[in-house]
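What follows is a set of structures to go through.
Both complexes shown next keep chain A, but they swap its partner, so chain B is in the first and chain C is in the second.
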Partner chain A sequence: MTGGIGAAIWQGATVLIGGALLGLVYKGIDRKLAARMQARIGPPLRQPFFDVVKLLAKENVVPDHAIAWLFNGAPVVSLAAVSSLLFYLPLGGFAPLLGGHGDLVLVIYLLAVPAIAMMVGGFAAASPYASVGAQREMVMLMSYEFPLVIALVSIAWRLSTILPEASVFSLSVLAANPLWDWVGPLGAVGLVLLALALLVVTPAELSKIPFDIPEAETEIAGGLLAEYSGRNLALFYLADAVKTVAMAALLVALFFPYGLADRLWLSGPLAGLVDVAFFLIKVLVVVFFSVIVVRVGFARLKIDQAARLFWIPVTGISLVGMVLLILDRVA
Partner chain B sequence: MNGINSGFGAWNPLVWTALFLGIVAVALAIRALGRKDYKKKTGQTKVYLSGNEEPEPEDLHVRGDALYWGMVEALSGYYRRARALHTGILSDYFAWIIVTLGIVFVLLAVGR
Partner chain C sequence: MRRLPRSFKRALWVYHVATGSCNGCDIEIVAALTPRYDAERFGIMLTGTPRHADVLLVTGPVTRPMRERLIRIYDQTPDPKAVVVVGGCGSTGGVFYDSYNVRGPVDAVVPVAVYVPGCPCRPEAILDGVVKAAVELEKLERSEVSA
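For the complex of A and B:
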């Protein structure tokens, strides 16, 4: 029993620390690749680690009229919520640590918590810029949640028609039974559309260009983060890094869960290592196409343009994907 | 600690709450590593507003219509039509509910 608890704590610590470290590494890769695409040298890969250390060494200013406990609490809640998400996602070919205690519905809710925490922190700062940023964050959340939920529920529903006895909202079940193996041509096109919708939702979830409207440094000076500094900003920075890993891991689990070890007839520890390495590459591919390329290639949208984009074309693509999955079942 | 298992998925609030509190403790420990001090009641603690004068806190309340501005602007065509349907007459609202329920029941009947 003691060994079981010890192993659980060890695994939990690995997920927590690994998630944060990986998030910072991917942030470094993101900045380096984005710089190279813009013909700049860019910062070293370890720059995000320096950023966290430096932020922790800076003064932690709380504005005069801010509601201090909300202002200070928001970054803690943001980091804790997004880190807890990692325990419900399959990572590196391993089943989720707490997969039997939470499913896709919980993941949808936990994805929203960091955005809500940032919004609360923004309003609590008593700053006009932060207030405008918080309003924009709320509109963004209301815009991209709809296509996100359509895509996730459509996939679970289609799997329920194939495996009626399975817990289809379980991430373990979804990752172990990729829909590509079951659906016909109509369903495959539907899945491509749903994947496309989620790839567009990803930079919005992560507040990256062209959807960094709530922060918009050149317009509202960082928006809801304008008044944050020091250790509070360090926690938001870490939460952003972890969320990048979590969002990419979710897409990998739903659309690219395949391992490499069994295709290479590997077994034992080597198989585990190969699958972990393959998972890290898949996460990098998702981050590359949904974050890095997009943020280099596009300019920031206005808030009404972003809301329109998610409510009309992206929701439309998700709905067409859903209808194609329904037709695939009928066919 | 038995949670809910619907057959479609699982949810155990106690496990998540314990996990969340554990990670909050870790986040607070990371936070405790950082610098705590700052110069209170100085220019440093005034909000940044590009050199403009800081408004009084009571002037910072956000009006409801401003809160959703981006959404209303993005879907202005929908909102214009939806506003026109709000006649304020109770029987109109009942008619909408009955018509909507009828459509839902037809869809449910077709889907069975």
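For the complex of A and C:
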């Protein structure tokens, strides 16, 4: 952070507003591309903006039997958590704004907060649909957290064996020293497996088909969100959009942190611009393969199938990836 | 009431209420959402709960037990909202007109913005009805502002 508090506030505001706008743009791209894959024309790219503005104009209903402060608090906490994620993730060529104050472990916790907030909101809504959704969300959280944490910690551990002096959990260190440059063939295979596991975890983390089980519109009427309307629903909508960008940015920071500007011998503001554009493309690629294609190509799983998928194959893949990284260190 | 933002009619989410219909109109509503008619072009999305809805698509003549439920669903829908009646039964009672167990038509139970006649109606007509519902919402707003 250069400059005083004023500059910091400006940077923070830029990241927050930019993150929200980007999230909505990516949501629009997501809906457009999904529609094209289904041979539809699809909504305009601005559709998510229309949706949010409309939701803000709607009445905000709090059910009679709901616990109002929890019910209204959950969406705010959810959006706050995903927005603060953006402060800890490297975006484009820029180091994380609060990089010195939080690391990968904090990011793991912040990723879990929106899910927990939705769970609390779902239980507070006093609706059977929302309660079922909240229970499913709990099972999902217990399923995908394990492979996620294995993958993140293995990468950090391998880096710690290479750079014993560096604080390897710091995301700026992780992004500045991509493991691909250091590991041998075994480690590279391990990294590919870990990336694969995280690509499967991503749609679950974002509650997208085939893992939108807690929100299943067609069976439990929107689940966790069943009782939410108006402003609260708009906040959850925004949180979902921002979380997509944050999750993709995390994957980019871990596996594809390379910039384009150095390779093109650029410098100054042009380099920053090129790096940001390249970062946006990388995020789009991650979103495309882990969210859009998957959500068009698959049907929703049942909760027990999803739990089994994460506990056995995906955890297995990430454990094999971890073992390969360990063997790579030994070899 | 505040002025409705311009985005409102570009993002109408619909909730489907079947009040004792024969399933004909309901199939046409589903057809309107298929890739062939692609309702999402206009920002129209089917929601699973009335809390998310802006437009209620009501089919059927409103049978005796469904009357209470229809009123309840109408009350559960956050304002501003509009009701679109889909099909002849809901519009006039249709073949169930004056039947002993029918409390309809729909406009005898809840305020209706748009009628889409037909037995069953075409998906194009349903899409047209939903888009017209947005116009009705605007009229409602204008009259409330001037009043």
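Rule of thumb we're sticking to: the second predicted complex is superposed on the first by the 328 of 331 C-alpha atoms of A that agree within 3 Å, B and C clash if a C-alpha of one lies under 4 Å from a C-alpha of the other, contacts with A are read in each partner's own complex, and residues count from 1 in each chain.
Here is the rule we go by: a residue touches a chain if its C-beta (ideal position, glycine included) is under 8 Å from a C-beta of that chain, and two chains touch if they have at least 3 such contacts.
On a predicted model such as this, the values are computed, not experimentally measured, just so you know.
Student: Looking at A:F94 after the superposition, I want to know if it touches chain B, chain C, both of them or none. Which is it: first, second, both, neither?
Tutor: Touch status of A:F94: no partner.
Student: Look at A:G230 in the shared chain and tell me whether it touches chain B only, chain C only, both, or neither; answer first, second, both or neither.
Tutor: both
Student: Output check: A:Q47 vs chain B and chain C. Expected answer is one of first, second, both, neither. What do you get?
Tutor: After superposition on chain A, A:Q47 lies in contact with chain C alone.
Student: Counting residues of chain A in contact, which comes out ahead: chain B or chain C?
Tutor: Between chain B and chain C, B touches the greater number of residues in chain A.
Student: Could you look at A:F146 and tell me whether it touches chain B, chain C, both or neither (first, second, both, neither)?
Tutor: neither
Student: Quick one: classify A:R308 as touching chain B (first), chain C (second), both or neither.
Tutor: first
Student: In the overlaid three-chain picture, which partner chain does A:W180 touch, first (chain B) or second (chain C), both, or neither?
Tutor: After superposing on A, A:W180 lies clear of both chain B and chain C.
Student: Figure out whether A:E59 sits in contact with chain B (first) or chain C (second), or with both, or with neither.
Tutor: both
Student: So, does A:Q38 touch the first partner chain B, the second partner chain C, both, or neither?
Tutor: Once the two structures are laid over each other on A, A:Q38 reaches chain C alone.
Student: After the superposition on A, what does A:A221 contact: first (chain B), second (chain C), both or neither?
Tutor: both
Student: Using the superposition on chain A as set up above, list the residues of chain A that contact both chain B and chain C.
Tutor: 56-61, 129, 221, 226-227, 230
Student: Would you mind writing out the residues of chain B in touch with chain A in their complex?
Tutor: 3, 5, 7-12, 15-16, 19-20, 22-24, 26-28, 30-31, 33-39, 41, 44-50, 55, 57, 60, 62, 66-71, 73-75
Student: Touching chain A in the complex: which residues of chain C?
Tutor: Answer in residue numbers: 2, 4-5, 7-8, 10-12, 35, 38, 40-43, 46-49, 51-52, 54, 76, 78-80.
Student: Give the list of chain A residues in touch with chain B in this complex.
Tutor: Touching chain B: residues 12, 16, 55-65, 75-77, 79-81, 83-84, 87, 98, 100-106, 123, 125-131, 135-136, 138-139, 142-143, 156, 160, 167-170, 221, 226-227, 230-232, 234-235, 238, 303-308, 311 of chain A.
Student: Using the touch definition from the top, list the residues of chain A that touch chain C in their complex.
Tutor: 31, 35, 38-43, 47, 49-51, 53-54, 56-61, 129, 217-218, 220-222, 225-230, 233
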